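We call the chains A, B, C, D, E and F, going by the order they appear; numbering starts again at 1 in every chain.
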């Protein structure tokens, strides 16, 4: 399985992959909370075409990334 | 009992379970603050059908997950 | 005394108690900022019957819990 | 002096004092950003009589407290 | 490649460069979530000419910077 | 130079100076995102005369301060 965390791990080869994982994990949580694909599709323009909504979504990605970066010891 | 933290522990076998716990813990807090099940049911569409509300809920899950991930030493 | 932190400690026996403390501490801060009990009572439905407000309150609990969990070394 | 951090230190004798410092530090920042006391007085009911505003203010206190608690090694 | 993290690293020579990276990384996430350049251009005034939106964007930069600063051991 | 981080360092002599740096750094980010001084001047009353906006700005300062405090090992 792995509906919430792809490959069930926070470890990624590099920062770029860590960032992509942060975006993915944030989206999978939304999906878990609103499982109706039709509704999610309808909601998408609500945030992708509003500056504030995009910033709010970017905010969540930033927090997910902080966790993933710490897990990977910042790919130092 | 364990009304706020299932099994009274932050330790989970893997990242996937940690993520599921983050969602669960966030919901249990809402439940503790609004104990009337009828009202909670009425409120559910308010957030599950609004893009911004879903992102705000996902934000809380991200913070809960950061704590759980640290507790589990990131399942490294 | 102990108007802001019950028993003046962040240490709790387990995660469940830590979570309860997080909720308590968040509420005591609100109480300290709005000391008029009549006004607080009037405000309560404002947040307890709004999905977004409950999520915002849950957000604060998540942050308080992160601190308490770290203080307790995650009850590992 | 010490317009932003009372006594110029984050160290407090106990958790209760740390919490009080968190509230104080949050207020002093507002004061530094809006130095006109008349305007601040006018704004006070805006947040003290709105549930969401109080939660937002409590949110800031939670973050300040996280820093102060870490500074004090959680008064362990 | 490196669409999300420039040069695929969080390590920067100094704090100034770390701060610039935080702004860049926040913007690249927005870009990844809204890939239509025309829409992004249309949204820009929405946040750059609203005080609250700028503060919200600055909030995200602050979180990205916290991660980058930790990665660089605070350039101590 | 140093358009984003004054003196290009997070290290300050004490907590008071660290707090002042947090406010400064938050402002410099806003300035970098909205470089038109006329627009910034016009926006200032928008946040300095709204309780919620001031709290939101204080929130960002709290996060910047957390990073600076950690960088300085909390001036212990």
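As a working rule, a residue touches a chain if its C-beta (ideal position, glycine included) is under 8 Å from a C-beta of that chain, and two chains touch if they have at least 3 such contacts.
Because the structure is a prediction, the values reported are computed rather than measured.
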Check: If every chain is reduced to the average of its C-alpha atoms, which one ends up farthest from subunit B?
Finding: F
Notebook entry, point to check: If you take the mean of the Cα atoms for each chain, which one ends up farthest from subunit E?
Noted result: C
Next item on the list: Could you check if the interface between copies subunit E and subunit F is built from the same residues on both sides, meaning over half shared, or from different ones?
Entry: different
Notebook entry, point to check: Roughly how many whole angstrom separate the Cα centroids of subunit C and subunit F?
Noted result: 27
Margin query: Suppose each chain is reduced to the average of its Cα coordinates; what separation in Å results between subunit C and subunit E?
Written below: 31
Next item on the list: With chain centres taken as the means of their Cα atoms, state the distance from subunit B to subunit C in Å.
Entry: 16
Note to self: Counting only residues that touch at least two other chains, what does the list for subunit A look like?
What the structure shows: 56-57, 59, 63, 66, 70
Next item on the list: Take each protein chain as a node, join two nodes whenever their chains touch, and name the resulting shape: line, ring, star, complete or other.
Entry: ring
Next item on the list: Just walk me round the ring: subunit C, then subunit D, then whatever comes after, in order.
Entry: C, D, F, E, A, B
Next item on the list: Sort out for me which residues of subunit D touch subunit C in the complex.
Entry: 14-16, 18-20, 23, 48-52, 54-59, 61-63, 65-66, 69-70, 74-76
Next item on the list: Going by the contact rule at the top, pick out the subunit B residues touching subunit C in the complex.
Entry: 1-5, 8-11, 25-26, 29-30, 32-34, 39, 43-44, 46-47, 53, 56-57, 59-60, 63-64, 66-67, 70-71
